[in-house]
Amino acid sequence: MNPQAIIDGLVSGSTIGLGAIGLTLTYSILRFANFTHGDFLAWGAYLTLTVAGVLGGLAAGLGAPVYPFSFGWGLPLAILGGVVLTVALALGLDRILFGRLRARGADTIIIVMASFGASMALRSLLEFIFTAKPAYFTKALQIAKPLGLGMRATPDQLLVIGLTLVLVLALHLVVTHSATGRAMRAVSENPGLAGVYGIDVGKVVRVTWIIGAGMACIAGVMAGLLVQIRPYMGFDLLLPLFAAAILGGIGSIPGAMLGGLIIGLVEAFAVQIVGAEWRAAISFVILVLVLMLRPQGIFGQRGA
Amino acid sequence: MTALVLDDLRAGYDRDLPIVKGVSFTVTKGEAVCILGPNGAGKSTMIKAVAGLVPCFGGRVQLDGREITGLPSHELVRKGMGFVPQTENIFTRLSILENLQIAAQLLPRQDRARRIEAMLAMFPDLSSRPRELAGALSGGQRQMLAAARALLNEPQVLMLDEPSAGLSPKLVGQVFDTLRRISDTGVTLLLVEQNVRAALGLTDRALVLVDGQLAHDGPTVDLHDGKLLGELFLGHRAAETRA
Amino acid sequence: MELVAYAAFFLTMAMTYAIISLGLNVQWGQTGLFNVGIAGFVGLGAYVSAALTTPDAAERIGGFGLPIAVGWLAAVVAGGVLALGVGLLTLRMRSDYLAITTFGIAVALQLVFQNVESLTGGAFGMAFIPRPFAGLQGQAFAFNMVNLALTAAVVGAVYLLLEHLLRSPWGRALRAVREDEIAAQALGKNPVLLRLQAFALGGAIMALAGAVQAHFIGFIAPGNYLPMMTFQVWAMLIVGGSGNNRGAILGAVLVWAIWALSGALISEIFPAGQQARAASLQIVVIGVMLCVILLWRPQGILPEVRSVSRHLGRRTKDT
C-alpha cells in the first residue's frame, strides 16, 4: 500500500464530506434526496471563478499567488461572492420549484423527480455557458512537500483539510448549541409540531438551504482548486455525496463528514487495487454495503 | 368578552371532502369548554384547523376579536393560542429542556429562564432530569411536558386534544388537577375529551360534534347520566346507516 | 421516398423509447417507484443481447451468433434479475433510497460497459449486431418499414400485456398499495412483494427495449446509455401521462419528436464548432419542461383512469 493514498483520500474526502453536509441537511429537514445538490458544487465553482475573474479585472494584484499557496487574495474574496450567488441559486430554486411542490403537498418522490429534472437543466446550462472544456482557478504549479512516512502534500491540500475541519466543527457547534440548530433538529423530527411550538418552518428551510448551498460552493471550489472545474464535476460527485450522507446517518453533520472521509480514503486505496477507471463504482459498492448492513448509517437514530 | 369565535368553519384534508362541515360557536374569556363526539367525528380536525395545521375551506375563526383564519400555526402561537396535539406532541429526539427552550424562544430574552424555571416548578416530574431525551418520558410525563410547553408562552386560549388518552385513572386525575389550576388563573380552555366523567369536573360547557357538525351545545352536567350523549351519538349511527 | 424512410426510422426509434416508457410506467405510474437508473437497465439489455447474438470476434469473449429472439429473451431475464436484486435491497426502505440506488446502478453499469473490454468492447462498443430482416438491408424503404412494423408489434404486445395485467386482480392490488398502503395491507396484500414484482417486470421491459434498439441500430457503445437517456424517458412518461399506458407511448413519440426537431434546428442555426455546446440547450429545455409539467400538469397529457381511488372514496393529491 502506498501511504500517499492517506493524503489523497483525506483531501478528496474533505470535499465529499463538505458537500455531503448540505445533502444530509436537506434530506433530514426538507425530507427529500436532492439530486441538484451536486450541481450546486459545480455552480459554486463556476460562480466563484466568474467573481474571481471580475475581481482580477478590477485589481490585478489580487491574482498574484500568496506564498505558499497557488492562489492570491482574490480567491478567498471570490469565494464570498460565490457563496452568496450559490445560496441565491438554491433559494431561488426552492422558491420557484421545491417550495411550490411542498406547498401543494406533493409526494416526496415528485420533489425528488423535480430535483432530477432541475439537475439535468442546471448542469447543461453550465455546459452551454462555459463549454465542457475544463477551467482552472490558477495556473501556478505547486510542489508537494514531504511530510514524512512517505507522504507528500501541497500547501493547498493541507489548507483544504484544515479549512474543512474548522468549518465542520463550527457548524456542528452551531447546530448542537444554538436556537437555530435546535429549531433545525425540531423541524427534522416533526415539521407540523415545530409550527405548534412557534417555530417558523419556512425560516428553518431557508437556513438549511443557506448552509447547504454555502458548503456546496466551498466544496466545489476546493474540488476545482485541487483538480479542475468542469460542468460535470458535481454530477460525478453525486454518488459519493449520497453514499457519504447515508453512511454517516441522515441528518448528522459529523456523520456526513466522517462518511466523506471514509469514502475518500476507501476510494484512494481501492483505486490502487482495481485501477482508477473504477473509481466511480467504489462509492456505489460502499452504498450497497451500508444499505445491506446498517441502513441507518453510523450516527443514524432510526431505521430509514 | 369573547376569546374564540368559530363561524361556519369548514375544514379538512381535501377540498372535495370536508371533515368539518360548518361549525359555529363562541367561547367566552376564562370559560372551560369540552368537545365530545364519537371517533372520527372530526374533533381533532376541527381543533387542528383552528390551530392552523389543517386547511380551512370556508368560514372564519377569531381569536380575541382578531381574524386568524388560515394563519400558519407559528403565528398563532405569538397571538396567544396554545395547542397540544393528540399524538406526537413533543420532540422525542430533543431533551426535556430543549423542548421548553424552543417554546421560550418566542419570549423576550430576559424572561426565558424565568418561565422555564416556572414550568419545571409546576411539573416536578420534569424538573428532576431536564437534560434527558424527551423520548424517554412515560406517557403521562409526555402529556405534562406537552402541557408545560404550551403554558410556557402564557396563552390566552389553550386547546388540548385528549390529554387523558392512554393515561391511568390516577394520572388522569393529576393532569386534570393541573388543568383546573390553569383554568383558575383565567386561561380559556378548550378540551377535546372522550372521558365525560373527567371532563365533568373541569368544564362547565360541552359541545358535541357528530359527523363534522355541532349536535349539542349546553352545560356539561346535562350529559352526566350519559343518556343524552348516547342519543346524540346514536343519531350519528342512524345517519350513517341511512347514508 | 427518402422522407418516408426517415420518418420510418424516426418512428422506429420512438417506438423503442415507447417500450422503455411502458416499462417505467409499470414501476412509476402503477406502483410509484422512482427509478433513476433506466439507462443502466436499457444498456444491460442491449449488451446482453448483443453479446449472445453477434458473430464471434477475436478481441472479446462472447459472440455466440445465437438467434435474435434468444438475445431478446436473455435481455428480459437479465433486466428482471437486476431489478429484483435492486428491489430486494431497497424496497423496504424510504422511497428515495431506491432512487439513489438505481442511480448508482446506472453509474456502475456504465463503468462496466466502458471498462470490461473483453466483454463489451470498451469505449468502442460492439458492432455487427444482427439486424432483423437483414436480407432486406439493400432496400432502405422496405427494410425500414418491416423494422418499424416489428418494433411497433413489440410495443403493441407489451401494451396489451400491461393493459391485461392492469385489469387483473394483481394490477388492482398494485394500485391499491400505491394509493393507500395501510388499507391494502389490511386487505391482506403484501406491499413489498407487489412492489418487487412490479419493479422486476418494469426492469425486464426496459432491458427488452434496450435489446430491440440495439438490434435495430446494429451498433452499441457506452455513450448511448448515459443519464441523459434516463432523463428523456422520464420526460416522456411525465409528458404523456404517468399511469396511462397510451400516455406512455404518446409521450415517447412526442418527446422524441421534440428532441429530433430541436436537434435538427440546432444544427441549422449554430456553426459546426458550436453545435456540441448548443446541444446542451436541448437538455435544458427538456429539464425545464419536466419541472413545468410537474408543477402545473402533473397528470400529463393523458391522465390515468383512476378506478381504485374511487373505491377508496379519495381523490389523488396531484389533481
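To keep things simple, chains are lettered A, B and C as they appear, and every chain counts its residues starting from 1.
What we mean here is this: a residue touches a chain if its C-beta (ideal position, glycine included) is under 8 Å from a C-beta of that chain, and two chains touch if they have at least 3 such contacts.
Computed from a prediction, not measured in an experiment: that's the story for all the values here.
Asker: If you average the Cα atoms of each chain, whose average lands nearest the overall Cα average?
Answerer: Taking the mean of all protein C-alpha atoms as reference, the closest chain is A.
Asker: Skim through the chains and flag the pair connected by the most C-beta pairs in contact.
Answerer: Counting C-beta pairs in contact for each chain pair, the top pair is A-C.
Asker: Please report how many Å separate the Cα centroid of chain A from that of chain B, as a whole number.
Answerer: Chain A and chain B have C-alpha centres separated by 43 Å.
Asker: Return the distance between the CA-based centres of chain B and chain C, expressed in whole Å.
Answerer: Centres of chain B and chain C (C-alpha means) sit 52 Å apart.
Asker: List the centre-to-centre spacing of chain A and chain C in whole Å, with centres computed as mean CA coordinates.
Answerer: Distance between chain centres, rounded to whole Å: 31 Å.
Asker: Considering only the defined contacts, which chain A positions touch chain C in the complex?
Answerer: My answer: residues 27, 32-33, 35, 97, 100-101, 104-110, 112-114, 116-125, 127-128, 131-132, 235, 238-239, 242-243, 246, 275, 277-278, 280-281, 283-285, 287-288, 291-292, 295, 303-304.
Asker: Spell out the part of chain A that touches chain B in their complex, as residue ranges.
Answerer: So the residues of chain A in touch with chain B come to 179, 182-183, 185-186, 189-190, 192-201, 301.
Asker: So in the complex, the part of chain B that touches chain A is made up of which residues?
Answerer: Residue list for chain B touching chain A: 51-53, 72-74, 77-78, 83, 85, 88-94, 98-99, 101-103, 105-106, 149, 153.
Asker: Within their complex, state which residues of chain C touch chain A.
Answerer: 32, 34, 36, 89-90, 93-97, 99-101, 103-105, 107-108, 111, 114-115, 227-228, 231, 234-235, 238, 276-278, 280-284, 286-288, 290-291, 294-295, 298, 317-318
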